[in-house]
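We just call them A, B, C, D, E and F in the order they show up, numbering each chain from 1.
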Amino acid sequence: MDEIKVFSGSAHPALAQAVADYLNIPLGKCDVFEFTNENIFVRILENVRQRDAFVIQPLSSPVNKNLVELLIMIDALKRASAARITAVVPYYAYGRTDKKDQPRVPITARLVADLLTVAGANRLLTVDLHAAQIQGFFNIPVDELTALYILGRYFEEKGLNDSLVVVATDIGISKRARDLAEKLNAPLAIVEKRRVGNADRAEALNIIGEVAGKVALTVDDEIDTAGSLMNVVEALGKRGAREVYSCCTHPIFSGEAIPRIAACPVKEVVVTDTVPVDITKKLAKITVLPIAPLLGEAIHRIHTGLSIGALFEQS
Amino acid sequence: MDEIKVFSGSAHPALAQAVADYLNIPLGKCDVFEFTNENIFVRILENVRQRDAFVIQPLSSPVNKNLVELLIMIDALKRASAARITAVVPYYAYGRTDKKDQPRVPITARLVADLLTVAGANRLLTVDLHAAQIQGFFNIPVDELTALYILGRYFEEKGLNDSLVVVATDIGISKRARDLAEKLNAPLAIVEKRRVGNADRAEALNIIGEVAGKVALTVDDEIDTAGSLMNVVEALGKRGAREVYSCCTHPIFSGEAIPRIAACPVKEVVVTDTVPVDITKKLAKITVLPIAPLLGEAIHRIHTGLSIGALFEQS
Amino acid sequence: MDEIKVFSGSAHPALAQAVADYLNIPLGKCDVFEFTNENIFVRILENVRQRDAFVIQPLSSPVNKNLVELLIMIDALKRASAARITAVVPYYAYGRTDKKDQPRVPITARLVADLLTVAGANRLLTVDLHAAQIQGFFNIPVDELTALYILGRYFEEKGLNDSLVVVATDIGISKRARDLAEKLNAPLAIVEKRRVGNADRAEALNIIGEVAGKVALTVDDEIDTAGSLMNVVEALGKRGAREVYSCCTHPIFSGEAIPRIAACPVKEVVVTDTVPVDITKKLAKITVLPIAPLLGEAIHRIHTGLSIGALFEQS
Amino acid sequence: MDEIKVFSGSAHPALAQAVADYLNIPLGKCDVFEFTNENIFVRILENVRQRDAFVIQPLSSPVNKNLVELLIMIDALKRASAARITAVVPYYAYGRTDKKDQPRVPITARLVADLLTVAGANRLLTVDLHAAQIQGFFNIPVDELTALYILGRYFEEKGLNDSLVVVATDIGISKRARDLAEKLNAPLAIVEKRRVGNADRAEALNIIGEVAGKVALTVDDEIDTAGSLMNVVEALGKRGAREVYSCCTHPIFSGEAIPRIAACPVKEVVVTDTVPVDITKKLAKITVLPIAPLLGEAIHRIHTGLSIGALFEQS
Amino acid sequence: MDEIKVFSGSAHPALAQAVADYLNIPLGKCDVFEFTNENIFVRILENVRQRDAFVIQPLSSPVNKNLVELLIMIDALKRASAARITAVVPYYAYGRTDKKDQPRVPITARLVADLLTVAGANRLLTVDLHAAQIQGFFNIPVDELTALYILGRYFEEKGLNDSLVVVATDIGISKRARDLAEKLNAPLAIVEKRRVGNADRAEALNIIGEVAGKVALTVDDEIDTAGSLMNVVEALGKRGAREVYSCCTHPIFSGEAIPRIAACPVKEVVVTDTVPVDITKKLAKITVLPIAPLLGEAIHRIHTGLSIGALFEQS
Amino acid sequence: MDEIKVFSGSAHPALAQAVADYLNIPLGKCDVFEFTNENIFVRILENVRQRDAFVIQPLSSPVNKNLVELLIMIDALKRASAARITAVVPYYAYGRTDKKDQPRVPITARLVADLLTVAGANRLLTVDLHAAQIQGFFNIPVDELTALYILGRYFEEKGLNDSLVVVATDIGISKRARDLAEKLNAPLAIVEKRRVGNADRAEALNIIGEVAGKVALTVDDEIDTAGSLMNVVEALGKRGAREVYSCCTHPIFSGEAIPRIAACPVKEVVVTDTVPVDITKKLAKITVLPIAPLLGEAIHRIHTGLSIGALFEQS
């Protein structure tokens, strides 16, 4: 286990390279490709016997292909006698399917945990799970990092703290929003969605807490289609917020996300690069903060047996 | 599997009897006791081969003894060739230890899931878990019932709806509070606790949302020492709430809970009997609603293969 | 377990419907769709408690999405308390990755077996695995059906037997080709590919056995890009075969398969519909034989406890 | 795994400290406490990544709480990435429930083994199990130490060997009694209990073997309520034993044990401190021999890969 | 599960046939044989889907072949979709290797339990395990029957009770000897073996308890080479026993057992037929009592869900 | 894990010694024997704590005893705290039972994989499995070596290449025969067996491919009774082959193998010593090539973390 090997799946090679650069090692050599019949094939091109192996693969688009690819890479490393395999999954998809809140639905976030474990992962390293309880879906050790400090520091340095209010865009994120609010020494407001009348999808947004005359900073774990963000920004405007900033860890930006962000009066959207952000999609008001130093330092600490907790203590 | 057998551990025999009465069957006969050396012993006194067995045991005080007793009962039923064993745990302790929110802590709620499973439970039937994600800590089927409808109906019938505001006593409960608010057609307010200065345990309570002039109904999954409840009631008073009602599913009432409830200006505390409420402790302003009909009906449906979801559809 | 429920994933609804028709029951109701962020969601819309559930899902294109979807459906059925879950996978992808024939590659066919099992499948029903040993990758019962009898009967009825030679298109398929040859009472020839010189991908085809003046019937478990088929047909022509028919169980037809088949002098390509064959791609010389009666009968026998082996005895 | 970390649960901190002293290391820092609601909480206060961790926790009173606490500590260490976790359980409770000797009873000693394993223990270190077969309840390596040599040496040094007879207080302990007898070069007698008439609990004691005129040394794995010991001492007196000494490994001393020992004509009761002996309960005729050197040496050997068997070879 | 199927391995077909006769059903049809290369092959010749299958196979000579054959039969039944598989192992070999009583030895009795379980056995039915704790080596339900009542009844009917003493031939069997003694209302004596001097294998036999002038009935779970039995009979003679009867459940009779029994002054050796007794070896003084009625009744009760415990209650 | 320990079961001590010699270490000391009752007993005679242990045991005759012995040795090493246990099984029996090719048969090759894993093996090292897919029956890492290079080199050095044809003695071995043919730069022929008429066991041999006037080299993974070899050699003669050589990895030589080889006109039979070849059986025309250097080098590489793949790269 003296030697560390970091491999990249095809989901986010730029991030993997940045992590390897942080660690000052070359990326592990491997072939990862699809045959014409869509069967993924993997071949590890260097000896990994008794090595400490890490596979970097966010579950970004194409989500299911990236998941299966990750499982296959883990299987290949296991059968190639790696001493320890850490799945480094900066973005853990299916996080919202973490409970049965209606009859006969799956708990896919648990299923994914079991898939990773049965494939042979010995550990998980991840960033900002949709719900912290997903850690408990695993019986292998999980290190969940948070980008909140990185995002928070960015806004601290911007000097907005004075009239700031942190806004949870959904009741589900209110705990993390509170943590960010505490860090930025700002009050908290929470957006509550409620069905209106009998119409199936009509929702009213209530904003619980004071936002009038303030600079609002919305926070979420991910921005997906940005539909919800758009509505929140609009509602904050109506309630008198002076200006609106947004931040999240995972910029999924699926569907109409980019045009919506472009069109809506949010001033700046600050994200990290746990998932790849298509450069052709990038708007001037989207700021991407690098996650590689945090991941790289965590991998270094896992490999050498240093505390990960200590990473966040003085933050 | 044609015959159903319902057994009671020593945690809450009155509830088990009420469930058996609902099902119109006698309770299964068994000896469950501690030797002088505190070793729990269990002897099932009737044949359970190929029977559909249920063990009713909330993880109420004494928590750890009741947990171990439940595990031992399951082991005895498994080795006695029961066809299926359902752990009926109306109150699931350790629910608050459901994630690693600081370094090197356990996820005990997951551990308990693994203990039940390894002992031989084939299913779990429970009521209002602290976090719904705890369902995903299990790979055996889990039926989580909710007492929210029972509690909500009680307040509906009381006719408070008009000037009501539902208050989540903590950010963590805000999702369920929203569900209750929606059901009661009332707005939502949320209590946020925040550390004050450097002092370790000094907390300020912020109430996010409007409560002045309103009838507040606080909601939580459990009331433990009632310390937090007392503070919330006081804060609501200061913020102008007209009167305060409280409800929760699980009346743990540990430590100073009863004198605190007696002393504090809450008008009524409405709970269910998922855990036994010591009759000597009961105050006039504590109302206990029976959970047995809900549990009994769920057991009936599990046994006969009817839908549990249908139980809540028209509610 | 008295009631049977057959569900379809999104891979091949027409096949699922045909199976349900064979069984004279309606298909089970369920929602299966992708959110904008590609997360698959599943909701079983009818009670499956204690029911005998079957999910029909070949691992056809899109392969990885269909695999993950199948796993999620199994998880949903498991958590919804189905008594038994049979994964009906008429085409099992990744069959060619069934061994480590070079260093540090995965055994994906085993991984898929583990994924299905950990998700909660209790049985597998499949058709013509790439290698029969894949059965042993499972510890749950596997019923592997074969389409060889269906294909063979078609050619018997065509009356080609007289001057026929059955041709294994690859050494790996030679055992099944022999079975078909025996059934059709025809001799066997085998195509052997061998690398030529140092060039990486140049292959020479040797045909071992007599084909001159004969009607050749090539057999394979699947036709993928048809590149290999094209070469075999050409080589058979050069070696004097009078005409060439082809058959296989799984018409994958990826990449350039359809134009290649159209262009090459094969007289007829006979396949089954274990995977969907895009109607727009269908050529006049492609004949598709229905697999639903075989699958339907097998499901009926699994459900009622009749022998599957008996299905093939008099064939 | 270069560094060793020894943690103590709340069962027996004095023993843990003595072991740490033997090893010449400080005890690992951790918080272990109960909330008011009896939920045990654990927080490991120093980095244990890749460390070789030992948790010292006899299953002494309060038995069930100590068991659950141990499981939770193991879970915390597992999730904190300890390289190896050894449960050091000097006294293994529930040892007498090691078989089904009547219908529908549990095998709790096996259950406890499964609980420790599922929580994440990689090894067990224990002392004098009630039955050696309990080792086989585990599939993780078990090191069972014995205090027989320590107890035997004490009596050897006392010089009683001459007219000594070793007395098994029960048929179940006769094998270990024989080992001690052999070591002390003394004959063996065995006490047999037999039901009298139809009365449920009336038992007659038969002493099989010669004790008249001899110094009897009774041996058992544990002394619980001392009721049985009292009867044996009395019976030995009646049968002419000159004087009676008693020894056991685990001084449970529950219920009326102390007054009974005080009242009964046993000359000396020699025990070890595998479980804490309440100082207020200690009588002059109770001698407690320290077990820490044996445990400490075993931990040292486990950590450094030296043989444990060698510890007992020259004894 | 409505239909019961009883199969026999090659260990003891006569016993299997007697059990089937008791149950009034034909034995299940199967081929079980060894190829020339000693590879065992099994083919179940009738449909077992959803049937309740029992395999009768004592682990008698050839022990290891019979063990592997049993595992293979279980595997075949599992893959053939039997609803439930009960391993009926009237004699469980390796019972004496049930603990580590010296460094670096196996616990083979546990290993065998794991082998049976991993092969797919759902239950075990066995007779008189060497140690009752072996039940706890399993997590599947175990029904351990005892032949003690059958043996005891035989001697009761013989009318020896008056001057009888039951003799445990070894300390390890003393508990069961006590049970038999209690049943026969006779006193107990115990044989203790002790090493003599430094010689490796010289043992002295001590008889603890009174035997002079009495009719001794030795009891053991099995008679193997009868070497130990011969010595005990001799020692009993020297100590004045009037005559000696012997009984055991499992007549292994390996090596020199038959000539030794023939030569030694034991009056009668009473055994059951849990293992086959070679007719050519049978002596007039060996009485074989049939075990099939007990096994058959137990199988009937397992199949129909009746209590097994009730079988022994009035005995 | 710094120290390597190599143990031998009783199957093939000469091979184990040769491997130890290659590694320049003494064989690990252990007792492995059968009691009179055929119960195998194992005692490891040196400390293996934290050592890297290898057990060398081909599953040669007596097959089932050797299998059980291997399992018991693994259990002993596991319980003795070996850091890693590699089962070195140069010949893996039951390889031909690797699929269900008829109803209700076992997949014993998978069962053996599960037995080894449950006993505690952490890795498998083997040579020329009957089917490479058997690797996928394991989830622990498998290193499958091949003797094809050793056999091929022998014939290369013999200089037969010129007029050589490599003959697969069965369709099942045709893939490996092709590999050898490619290596020797020779064409391939394949023997096909086909049933004749209705007679149960009458088979006709077809030789597919050209052999007239050539030197034939038959290849198989093992030679068992040599009955099939005899027929192939005869058929090759009839078809005009000039002379016939044979090779295989595993010389099982059961039943009439030796007289058949002696009598048949094969010129030379070249094998390795993965299984012991009884010296009294050896014929002049049987050549045994040593496998120990290959096994020894592989063990060295496994222990030190060097690539095994590299062993075969330049071959």
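A few comments on the model shown:
By definition in this document, a contact is a pair of C-beta atoms (placed from the backbone, for glycine too) under 8 Å apart; a residue touches a chain by one contact, two chains touch by 3 or more.
All values reported here derive from a predicted model rather than from experimental measurement.
Number of steps on the shortest path from subunit C to subunit D, with steps defined by chain touch: 2. Chains that touch both subunit D and subunit E are the following: B, F.
In this assembly, the chain whose C-alpha centre lies farthest from subunit C is D. As a whole-number value, the distance joining the C-alpha centres of subunit A and subunit D reads 50 Å.
Our note on geometry: subunit A versus subunit C, Cα centroid distance of 38 Å, whole angstroms.
Counting partner chains per residue, subunit A shows two or more touched chains at residues 79-80, 100, 102-104, 107, 110, 114, 139, 142, 307-309.
Taken as a graph of touching chains, this assembly fits none of the simple shapes: it is neither a line, a ring, a star nor a complete graph. Checking each pair of chains for touch leaves A-B, A-C, A-D, A-F, B-C, B-D, B-E, C-E, C-F, D-E, D-F, E-F. On subunit C, the positions that touch subunit F within their shared complex are 98-104, 107, 109-110, 114, 131-137, 139, 142, 144, 171-172, 174-175, 178, 182, 187-190, 192, 194-195, 206, 208-209, 307-309. Contact residues on subunit A toward subunit F in their complex (touch as defined above): 47, 49-51, 78-81, 120. Interface residues of subunit F, counted against subunit E in their complex, comprise 35-45, 48, 61-65, 67-69, 71-73, 75-77, 79-80, 93-94, 96-97, 100, 102-108, 110-111, 114-115, 117-119, 224-225, 252, 254-255.
Every residue of subunit E that touches subunit B in the complex is listed here, in rising order: 123, 139, 141-142, 301-302, 305-310.
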